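One chain, subunit A, appears in both complexes that follow, with subunit B as partner in the first and subunit C in the second.
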Partner chain A sequence: MDLITTPLHDAFAPVAISYVLAAMGLNIHYGYTGLLNFGQAAFAAAGSYAMAVTIVSFGVPFIPAILLGLAASVVLSLVMGVPTLRLRADYLAIVTIAVAEILRLLFSTSFKKYFHARDGVSGFTGTFRSWNPFKDMEGTFLSFSANDLWVMVVGWIIVALVSTLVFLLMRSPWGRVLKSIREDEDAVRSLGKNVYGYKMQALVLGGMIGAMGGFVGALGLASVQPDTFNTDFTFIAFTMLILGGAARVLSPAVGAVLFWGVLSFMSVALSELSDIVPGDLLDSNRIGNIRFAVVGLVLMLLMIYRPQGLFGDRKEIAIDAR
Partner chain B sequence: MPNRQTPSRGILARPLAAVVALGAFLALFVLAGPASPASAACDGTAIPKTMSGVLVNSADDGAPVPGVAITVTNCDGVEFEGETDESGAFTIDFEAGIGPVTVALDPETLPDGVDMRDGASTTNTLTGSLTELNTTFLIGPDGRNVETKWDRVAGLVYSGLLFGLILAMAALGLSMVFGTTGLTNFAHGELVTFGAMAAFFVSTGIPLPFTDNDISLPFIWAVPAVVVLALGFGWLQNTVLWQPLRKRGVGLIAAMIVSIGLQFFLRNVYAYLTGSRTETYQDYYTPQGKDAFGLFTYTDRDIAIAVTCIVVLTVVLLVLQFTRIGRATRAVSDNPALAAATGINVDRVISLVWIVGTALAALSGVFLGFTLGVTYQIGQLVLLLLFAACCVGGLGSVWGALLGALIIGVLIDLSTLVIPSDLKNAGALLLLIVILLVRPQGLLGRRERVG
Partner chain C sequence: MPADRDEPTLDKTTLDKAPLDKAPSHRAATDGKAGLAGLAGLSTDPGVAKPDPILVATGMTRTFGGLKAVDVAHLEIQRGVITALIGPNGAGKTTFFNLLTGFDRPDAGERWFNGRSLKRVSASRVARLGMVRTFQLTKVLSKLTVLENMRLGATGQLGEKMWAGWLPFLWRDQEKEVTGRARELLTRFKLDTKEDDFAGALSGGQRKLLEMARALMVGPELVMLDEPMAGVNPALKQSLLGHVKSLREEGMTVLFVEHDMDMVRDISDWVVVMAQGQIIAEGPPDAVMADQRVIDAYLGAHHDVDITELDPEVVALEVEAEIGAEHGSTGASTTEELER
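Entry: the complex of A and B
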C-alpha cells in the first residue's frame, strides 16, 4: 500500500507546493520570456528569510511579514536585473547562479544573530498555525499532520490563484510582448517596445512567485535553512518545468506533482528492494543518490528527445541563445 | 527536499603556523574549562584522589607563584584546602565519588604585583573518573607569539597561487570547450571530481571480481593512470553524448541544460560510490611542512603539485600555440564556420578538446582531493570558481583562463584576511559579477557583443 500512498502524500505535500511555485516563477522567466534564470533559489530564500527574520527577530505580524518577504524578492529582482538583463542568456545564467550562491553563503555564515547560520530560522509559524481550521484532522487524510493539511490547502489555493493570474496575463497584450521577446528580442525592440523594462517586469513577477514558494516551503518545514536553497533547488524546479513543458500555465504544477510522485515511488520501491539486496548497496543515503541520478538522466533525455516536455509546444520554447 | 550538506571546511589548508597557534589556544581553553559550580551530588562511593598543578607567572618569565590558596570542592560540596609551595606547585588530597570537581584559586592570596591573565577564570571544573587530576590557572599576560594579519599575507598568497594553478588546469579545459563549442558546461566540475574519485579508487584499491585481491597502484603511478582513464572518460562522454548532440544540432541552451542533467547524474553516481563519505588518499596526505624564509610553510607535495601543474599548462599552451592541431583549435575557437571552410575537421577538433579538457580537469581533481578531501561535492564547490576564473580572464581565451584562475585563487585566500573564511568563495563570485558588468569580455577576452 505504501507504494501508492507515500507517493501520493509526497506529490501534494508542502515541499512539492514550494517547488510548484518556484517552477511557476521560472516558467515566467524561462518559458515565456526566455530569461535563463538559474538563481530561482535566491528568490525563494530572500522571500522566506525576510518573512521568518522579521517575525522572529523584529516581532512583525504575519501578514506584514509576508508582504516584506515579497518586497525582499522584488528588491532582489531589481538588484539582479538592473545590471544583468542586458547580458546574453548564458551570462545571465552564470550571474544569477552566482548571486544565489552568494546569498546562500551569506545566510549560512553571516549575521548569525538573525540567520542562525546552518540551523536556520524557526519559530515563525505561530500565527499561521493558530488560524488552522483542521486542528482535529491530525493524520486522518493520507497521514498528513494537521499543520501540513493547513499549509497544503493554502498552498494549493495560492497555486490556483497564481495559475489564473499567469493564464490571464499571458493572454493579455503584455504577455504577448513577453513571448515575442523570447522569440526575437530585436524585432520587439524595433517595434518600439522597451524590452529591458518588460524583462525586468517578468523577472520581478517570477521572483515574487518564487518567493511565495519559499513561504509555503518554510511554513511546511517550520524552519528556513540556507542549504535548502542551494543550486539544486533551482535545477530541480527547472527539471519539473521542463518535464511538464515550458510556456504552459499548468505544466509546472503537473511537472512537480509527477516529479515528487515518481521520486517518492522510487524511494519506496528501492527501500523494499533493500531487504533483498545484500550489504549497504541500498542504504537510505544511496537510495537518495540513485533517485537523483535518475533525475539527472531524465533531465538529459527530456532535453534531448522531448524538450517540449509532456504538454509543451515544440515551437514555443526558448531554446537558442544566440 | 534534497537537503544536501555543503561542507564548511575551507578550500585550502591554512598555513601550518596558524593551525598550531589555534591548537595551542584550544588546548588552553579546554584546560581552563568553563566555570560552573558543581551542584550534582556524587555517584558511587567516594575514593581518595589528588588534585595537583603548578602556578607560574608569565609576566616574570615563568617564575613560580608560592603561597596561593587553592580550594577543591568535590561533587558533594565538601571543600578541601591547600596552598602552593615555593616551586608554585600544589597537591591537594581529597575524596570524591564520580562527578564534577571544582578547583578555585583565591585571587586575594596572590602575591603583590602578580595578577591573573585578563579574562582568565579562577575556577576550573573537571569531570572524568581519573584519580590524579591536573589543572592550570593562567597568571600574567599572554606571552604566546600572536600572528598578525600581515604575517599571513605571504602564506595566503602562496596557498592561493597553488590553488590557482590547480584550478587553472580545469579552467583551461572549460574555456577550451566554451571556445570551440560555445557551451557553458555545468558538468565540468564533475569531471574534476572524476579525477579525485579515480585517484582514490586506483590508489587505495579496487576489488577484482571473482577473487579476494585488490588491484591498486602507488599514488605516483595512480596519477598518470587517472589521466589515461580521464582521456577515456572524455572520449566516452564525447562519443556517447556531445557528438550526437552536435550532429542533431541541439541548441546551446538545451545543451547547457543537458550538462546540468549530466552534473546531477555524475554527482549522485559519485555519492553512491563513496556512500556520501569524504575519503582521503592513503599516501602523501600529511606531509612534513617546511619553512620558507620565515614567510610561509610549504611541503614537498605542494612543490610536486605546482611543478606538475606548470609543466602540464606549459605543454598545453605550447601545443595550442605552435602545433597544427593547436592552430586548428584556435581557428575553430575564432570562427567554426570559417575554420571548416579552410578544411579543418571541426568535429575532430572539438572531440579532441573534450578529451583533453576532461583529462586536465581530472588532473586538477586529483590534486584538489588533497585539500578538499575526496568527496562527491568537489565539483559543486569548484564549478562556480571555474566559471569565475574563465569569465574574469575572458570566456574562451586560453591565457585568460590561466590568469583568471590565478587571480581567483589568490583572491579567495587573501579575502580571508577581511571576511570569514566560510564566506571566501562569495568574494570570487562577487568578482565574477563585477567583471561581467564592467568588462563582460573578461580581462583578456576579445570585445564582442554579449547583450
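Entry: the complex of A and C
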C-alpha cells in the first residue's frame, strides 16, 4: 500500500507546493518572458526569512510579516534587475545565481542573532496554526498531520489563485508583450514598448510568486533553514517547469506533483526491492542517489521524445528547429 | 528638372488601397506633392537644407575601436517623400539607421524629429513619437500568430498595463478596435489568410510584408525600412514596391536602405549616398547615379579604364598626390591611411 500512499502524500505535501509556486514564478520569468533566472531560491529565501525574522525577532503580526516578505522579494528583484535587465540575458543568469548563493551564505554565517545560522529560524507559526480549522483531523487523511493539512489547503488555494492570475495576465495584451520580448526584444522596442519596464514587471511578479513558495515551505517545515535554498532548489523547480512544458499555466503544478510523486515512488519501490535483492547490488544507503539517476533518465527520455513537455505545443517547438 | 520625373506616379489614382484610419490629422496638410515640390532645384551637395525636414541629424559620429563607422556632418530628410540611403557594403548605413532610431548611441551629434530633439530619448519612445523602423534581418515574433504580431504594434493599449491586464473588461473594446485595424492591414498586405499561422511559419518574403504591416500598426509618420527587398523574389518585390509607394500616397515619409538599384531608381524621390561613414552625395536618383563621386565610391576611380592602358608613372604620381593631400589634411583617420 505504501507504493501508492507515500507518493501521493509527497506529491501534494507543503514542500511540493513550495516548489509548485517557485516553478510558477520561473514560468513567468523564463517560460513567458525569456528571463534566465537561476536564482529563484533567493526569492523564496528572502521572502521566508523576512517573514520569519520579523515575527520572531521583532514581534510583527503574521499578516504584516507576510507583506514584508513580499516586499523583500520586490527589493531583491530590483537589486537583481536594475543593473542587468538592460544587458543580454546571460548577465541576469550570472547575477541571479550569484545573489542566491550570497544570500544563502549570509543566512548561514552572518547575523546569527537573527538568522541562527544553520539551525534556522523557528517559532513563527503560532498565529497561522491558531487559525487551523482541521485540528481534530490529525492523521486521518493520507497520514498528514493537522498542521500539514492546514498548510496544504491554504497552499493549494494560493496555487489556484496564482494560476488564475497568470492565466488572465497571459492572455491579455500585457502577456502578449512579455511573450514578444521572449521572441525578440529589439522588435518589441521598435514597436514603441518599454522593454526594460516590462522585464522588470515580470521579474518582480515571478519573484513575488517565488516568495509565496518560500512562505508555504516555511510554514510546512515550521522553520526556515539556509540549506533549503541551495542551487538545487532552483534547478529542481526548472526541471518541474520543463517537465510540464514552459509557458503553460498549469505545467508547473502538474510538473511538480509528477516529479515528487515519481521521486517518492522510486524511493519506496527501491527500498522494498532492496529487501529482496542481495545487498551488493542494491544497498539501502544508495537508494537516495539511484532514484535521482532514474528520474534523470526519465527526464532525458522525455526531452528526446517529447521536447515540448507534457503540455507544450509541438508546433511551437518545430518553429525553433527551422 | 528632377522633380517632375515623379509627377506621373503621384497623379496615378490606381492604388485603391484602404487608407490608414489612424492617420494623424496634420498629415493631410503635407501631402506628397508639397514635399516633393520642395526638393525641386535643390543643390546636390551633401547635407543640403530641405524646406520641410521631418528629420535632421547633425555631427553624428560613431566609432567601433579605431574604425569611424559613421561620420555624418549634416543630413535633412524631406517630409512626405521617399528617400533612399545607398552605399557600398560597410558604408555605415545600418549603423547610421541605428543611431537615428535610438537603437545605438552616437559618440557625438544630435538629431531632431519634427523639431524635437531626440537626445537621450529611448528607442521605444522614438517609435511612439512616430518614427518606426524595420530590420535588415527580419524580426518577426515566431511563436506568436500573425494576428498577434499585428496587435502588438498598436500603441497606447490599456491592456498592456500590468494592473489592467488581468481585467479583460477594461481592454476588450480596445482590443476589438486594434484587431479590426490589424485585419484591414493584413488584407491590404495579402496576409489575411495567414492570420492564425505562427509568424515563424511564414516564408521570408511574407515575413518582410508582416514586418512592414506591423510597423504601420504603430501609426508612424516616418517609416524607416532597412533593406526591405533583401532576399525577396521578383514578383513579391513588385508588390512591396507598390506598398512602399502607397505609404507616400498616405502622407508618410519613407527612408530606406537598399542595394537594389532598380528599386532605388524606381521609387525614390531623393537619394543619399554614404561611403566610409560619410555622406558623399545626395540628390534626385538620376543625378546621383551619374555623379562622379558616387561612381568612384562604388567602382573605384579607374573602373572604366583597362588596367593595361594605364601609364604606371601617371598612376604613381596620382597616388603620391593623394597621399600628399591626405597628410596635408588633418581629418585623415588612421584607418583610411591603413587601407591605402
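Convention: the second predicted complex is superposed on the first by the 290 of 322 C-alpha atoms of A that agree within 3 Å, B and C clash if a C-alpha of one lies under 4 Å from a C-alpha of the other, contacts with A are read in each partner's own complex, and residues count from 1 in each chain.
As a convention for this text, contacts are C-beta pairs under 8 Å (C-beta built on N, C-alpha and C of every residue); 3 or more make two chains touch, one makes a residue touch a chain.
Everything numeric in this text was worked out from a predicted model, so none of it was measured.
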Partner chain in contact with A:G59 - subunit B first, subunit C second, else both or neither: neither
First (subunit B), second (subunit C), both or neither touched by A:L168: second
Contacts of A:R189 with subunit B and subunit C, given as first, second, both or neither: second
Subunit B versus subunit C as contact partner of A:P307, first or second or both or neither: first
Which superposed partner A:A98 touches (first subunit B, second subunit C, both, neither): first
Partner chain in contact with A:N230 - subunit B first, subunit C second, else both or neither: first
Partner touching more residues of subunit A, whether subunit B or subunit C: B
Contacts on subunit A seen with subunit B and repeated with subunit C across the two complexes: 319-320, 322
Complex contacts: residues of subunit A adjacent to subunit C: 165, 168-169, 171-177, 179-180, 182-184, 186-195, 201, 205, 315-316, 319-320, 322
Touching residues (chain side subunit C, partner subunit A) in the complex: 101, 103, 122-125, 127-128, 132-135, 139-144, 148, 151-153, 155, 157, 159-162, 164-168, 171, 175, 198, 200-201, 214-215, 217-218
Footprint of subunit A on subunit B - complex, ascending: 1-6, 8, 182, 184, 241, 245, 248, 250-254, 256-258, 260-269, 271-272, 275-276, 380, 384, 387-388, 391, 420, 422-423, 425-426, 429-430, 432-433, 436-437, 440, 449-451
Residue ranges of subunit A in contact with subunit B within the complex: 15, 18, 36, 83-84, 86-91, 93-95, 97-99, 101-102, 105-106, 108-110, 118, 217, 221, 225, 227-228, 230-233, 235-236, 238-239, 242, 280, 283, 285-286, 288-293, 295-304, 307, 318-322
